[in-house]
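To keep things simple, chains are lettered A, B, C, D, E and F as they appear, and every chain counts its residues starting from 1.
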Amino acid sequence: MKIAVINPNTTQAMTGMIGAAARRAAGPGTRILIDQSPAGPAAIEGPFDGALCVPGLLQAIRKAEQDGAAAHVIACFDDTGLDAARAMSARPVIGLGEAALHMASLLAQRFCVVTTLSRSVPTLRANILRYGFDRRCPQVLASDIPVLDLHRAGSGAKERIAELIGTGLRNGAEAAVLGCAGMADLANELTRELGVPVVDGVDAAVRLAEALAASGHRPSKIGGWALPSRIDELPPVAG
Amino acid sequence: MKIAVINPNTTQAMTGMIGAAARRAAGPGTRILIDQSPAGPAAIEGPFDGALCVPGLLQAIRKAEQDGAAAHVIACFDDTGLDAARAMSARPVIGLGEAALHMASLLAQRFCVVTTLSRSVPTLRANILRYGFDRRCPQVLASDIPVLDLHRAGSGAKERIAELIGTGLRNGAEAAVLGCAGMADLANELTRELGVPVVDGVDAAVRLAEALAASGHRPSKIGGWALPSRIDELPPVAG
Amino acid sequence: MKIAVINPNTTQAMTGMIGAAARRAAGPGTRILIDQSPAGPAAIEGPFDGALCVPGLLQAIRKAEQDGAAAHVIACFDDTGLDAARAMSARPVIGLGEAALHMASLLAQRFCVVTTLSRSVPTLRANILRYGFDRRCPQVLASDIPVLDLHRAGSGAKERIAELIGTGLRNGAEAAVLGCAGMADLANELTRELGVPVVDGVDAAVRLAEALAASGHRPSKIGGWALPSRIDELPPVAG
Amino acid sequence: MKIAVINPNTTQAMTGMIGAAARRAAGPGTRILIDQSPAGPAAIEGPFDGALCVPGLLQAIRKAEQDGAAAHVIACFDDTGLDAARAMSARPVIGLGEAALHMASLLAQRFCVVTTLSRSVPTLRANILRYGFDRRCPQVLASDIPVLDLHRAGSGAKERIAELIGTGLRNGAEAAVLGCAGMADLANELTRELGVPVVDGVDAAVRLAEALAASGHRPSKIGGWALPSRIDELPPVAG
Amino acid sequence: MKIAVINPNTTQAMTGMIGAAARRAAGPGTRILIDQSPAGPAAIEGPFDGALCVPGLLQAIRKAEQDGAAAHVIACFDDTGLDAARAMSARPVIGLGEAALHMASLLAQRFCVVTTLSRSVPTLRANILRYGFDRRCPQVLASDIPVLDLHRAGSGAKERIAELIGTGLRNGAEAAVLGCAGMADLANELTRELGVPVVDGVDAAVRLAEALAASGHRPSKIGGWALPSRIDELPPVAG
Amino acid sequence: MKIAVINPNTTQAMTGMIGAAARRAAGPGTRILIDQSPAGPAAIEGPFDGALCVPGLLQAIRKAEQDGAAAHVIACFDDTGLDAARAMSARPVIGLGEAALHMASLLAQRFCVVTTLSRSVPTLRANILRYGFDRRCPQVLASDIPVLDLHRAGSGAKERIAELIGTGLRNGAEAAVLGCAGMADLANELTRELGVPVVDGVDAAVRLAEALAASGHRPSKIGGWALPSRIDELPPVAG
């Protein structure tokens, strides 16, 4: 089974890191198709960046669908372009954010999200509300470390994230969700150190995408995800 | 005062109709700058169309800002691209949908939305929830008349919309909101015929944009609408 | 266009201050009819005071309607008597509190209210819930400065309010609403000093009343605001 | 123990009927002090009537308190003036509406309210939301029989109410609440005929008032029900 | 009238203490039938203990029903087995937790719960949400004193509980609920010392059980509490 | 990997059917350990049956844990005993109901549940609320076909379920969840016939259990699922 994992931003190092995390999560029969938006912002920090990356993301998803992907993962915790992608695709599409939230809700009754920038918090809150997790995940905490600095040596990212998870736990959370695809490789270590589930969205999304694809279910096409009548508006990807 | 009214789709007839409605609503000291997306779908029917029109919409808003607009109206009831536009702009930006919902909530305790296609309903429901109107506006009814057919002779659009408003009233609504920019010119007539407030978003948005601009308030820049650091990603509009 | 602004309490100094703020907000074609309850409490501090001022408030609104007011503003942040006034009047009636909350929700995704006394907080929370702003405005903070002390020299009112807004911002608010008509003249200064929108209800209500009146809309009469059958119960105002 | 039951309207026949129902509900050691507003509307049909009856209601409650009432019942299903009365009184005050809703929620997981006029529905919905019963009591059904016609021979009131309860049950209710003090004497008969709990507010309020008074608890005075500083604004009742 | 009060755990000292509290609350014509689960855990600290005590609890309730109880109180703040007991019984059944929450909501607009262990908090939160008190009771605070240590000399239980109530009050509560049957004898003292209502569930439940029984109402049998078809699955209690 | 699937009731035919469905869902490397409660009701129809089956269910889960299960599925749509099982177990435990709801929420924005008996509806609604799916799954429809009749020839079960799903779709659902383990073998056929996702809980739960087990995550032990101190209260299973 092929699972497409699309980084909607255009930073290759991040795409590589996400691909590695996706491959760690994938089952033995799964092949990960890793890709990124062909054009657009280098990171998604807030709704402006998010909006600009969607056309490229949709092109990459269409290409993956033509390459035989059984399901798609949008590898940004904001779940950028999720509705548009689901409308366009006949296959399951899953966002990193929703995947992590669903997984966490099977591991704890209350949990928190630790993300990068304060300006991303309202987008995440809006998603959490819409999915139905607002009572279970009332805290979204920002580390104020920019996405592309997460892996810079000496950024202190892991320590700062651990500290914020601690704040979340003291305020009623029983588990934590890492609110940025760029934090994927910290989850296992933080889970061990903190003694509570620390859920990474890449891991969660790949596993849920496999489960959905194997189940044979396709997303409903009678509501907001009906096949667009203007699907040819999307320009083809070169190459 | 200049108020920009941007149709995010690319159908000129619709832009013209919206412009006429906007000018009817504008106060004596207001000049309406009417524009449309420079490129993109001919109508926004669902989230795929919506996503593809945002880059063009943002370009048109930037252009209007350079032309001195004191506030911007996004003239699609889906409030397409609203967060991205607000992040980009230093001026108030208001969506047609939110404007109509706010106005209706000053005219009735419960109200309904009558929109075009069923596939738009989930987007509108998500907006209504996020804004906080879910308890006050529990019904979103679809006429299943495509946007571009609303003004086709013999489409029966007005009768169908009146019938759906009647359904809404029988189920507890006390007023109705027209859920598509293309319905703007039906509001007055339906208000008279049905004896309840029937709110059009173009009218509501222009009036609220004037009020916001005159108040001197600017949107908060400390949350999700902080000025994007990648604002130069947006290509300039030719001409 | 005449807009009536009624102070439901009987303190003339406060009526004067509200009138000045209303006139600053009014557009060029608007004439403000400022009035106060003919009898009743000197300030509204809690639901007992609120209840006692309603009959006088309704008399003043009726008088303004006879004087040709196109819309009415109830100039108390508790929105005292709002439903009764809307039932009685054929014209739009708007409360200071709801006006400020609507305006703030177009300027920020989350905001807080800073009011005078702790005993007013439950009334404001109940209004916020009923209008639908409970998720967007989860914080109502009390300065514990009595209404009539707000303008006393040396009361430290502005500093205390600024401090509470700071608390709100640290806890997720992106803007603030001044929760008492008596704070109207602090809004501009606080907006400048704090760098976030600080919304005053007098300003918001006058602008929304103008917008509603100009739109031609009347409040729905098929629900709770249907014309009372016992409207003659209200004694006429002398003079 | 003396329990005051105050009819906030001025229709003596209704006061008499409420008094009889209250005495049927009262325990052996309870004496019912029945009274009505000294002045005001003959019935409470909507928020305008409600507002006008509050000053008289408060006077009657004060008088009952001076006469030694251990707790007070506001005998209108709208819970008119409840917050003002609680602020004024050192004793438990309970509204007919809240009492019936609490009692019903111990007898069924979902229930409906059947009231008199459509114009009362928004007030009841607002109360239900504020108290927290919105998920448990999503249906408020209006019989459109005026309050004072409930006991008119040939009004068909009981049959119409039974029919509406049937509608409620078919839509998920498991019990019903009679949404008007004037329906008190129908509860037992409807309970027997329909085979589900049909709760009357007079009965519920008297029993809860006895329970509260006997418990020795007094309403909290540190929030919105703090003793008003302007308590002398309320004119004394003659006689 | 006989009111059964069943301690679902098997600690006799606690049953005795609950019985004494119940008798203090009971009216002159009430006889308290006090009993405990015939088998099961010594305390209910979390959902595992709770599940294991339900069969014994149901047996004790059946026995009390055969002994003529007019209503039943489940004397654990978790409301353990409440739905099962209500389905089995033709008589009103009331849980300690729900009783205290209903009573508190007549005494304060916002209140908090102070319970024993952190592990009980999610169960209480789930109950509060289901009953509808989530907005009125947003704080559930754990003292981390085990149930059976509450009455141990030198446990400092009362002081710790008073401290947590203080925390609740500073965060918006206006009253407190004691979240464990074992705290019953602290309520009066804490009410006096803290000057706000401190509600004990044994007291509240006995009074509400009397009120329900006297009203003649039976729980609805058309929903989830319909008489089980497998009622003979419950083994009889010896003796 | 071993996944335990425990039928909490004691009907062997149903256990067999569930086991077959579980094996169809299981991945190539998964071995299903199918078991049922050693004692208790033959079906779970309402909360009384549910409560009586929990001790046996917990014994069966403990036995499966000793046999090396990497995760457990509670094979009743009511999610009977889920919190108790999670507290007892160091491994992921998943309920049929929650699994289906999570899966459906990745396939549709709104969905409905079709279950067996009306008396089960309140339990399912309570679960849906607690998990956070109340806005996404507002309809729970009962077929009133008893669990053990679902597979009786001529019961018309499939047709009745299809009809109820149709009702759900007409009222806004975009997908359906089969609300009983006994309906597992109808899901594929109904999905094909109705053209929308029809989700079966056995399939969903096995796939999510595999995903959780493979992820290495364990349920949080710092909240309500902390290891019980009285874990030895559970009697061992014979054999």
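Methods note: contacts are C-beta pairs under 8 Å (C-beta built on N, C-alpha and C of every residue); 3 or more make two chains touch, one makes a residue touch a chain.
All figures in this text were calculated on a predicted structure; none of them were measured in a lab.
Shared contact partners of subunit C and subunit D, listed by label: B, E. The minimum number of touch steps linking subunit A to subunit D comes to 2. Note on connectivity: the fewest steps through touching chains from subunit B to subunit E is 2. Centres computed as Cα averages put subunit A at a distance of 44 Å from subunit E.
Chain centres here are Cα averages; for subunit E and subunit F they lie 30 Å apart.
Among the residues of subunit D, those touching two or more other chains are numbered 109-110, 121-122, 126, 129, 134-135, 222-225. The touch graph of the protein chains shown belongs to none of the named shapes. Listed by label, the pairs of touching chains are A-B, A-C, A-E, A-F, B-C, B-D, B-F, C-D, C-E, D-E, D-F, E-F.
By the touch rule above, subunit D contacts subunit E in their complex via residues 25, 27-29, 92, 94, 98, 102-103, 105-111, 131-136, 169, 174-175, 188, 191, 195-197, 199, 203-204, 207-208, 210-212, 214-225. Residue ranges on subunit C touching subunit E, taken from their complex, read 121-122, 125, 129, 134. Remark: subunit C residues 40-43, 45-52, 54-55, 58, 81, 83-84, 86-88, 118-123, 126, 129-130, 222-226, 228-231, 233-234 touch subunit D in the complex. Those residues of subunit F that touch subunit B in the shared complex are 109-110, 135, 172.
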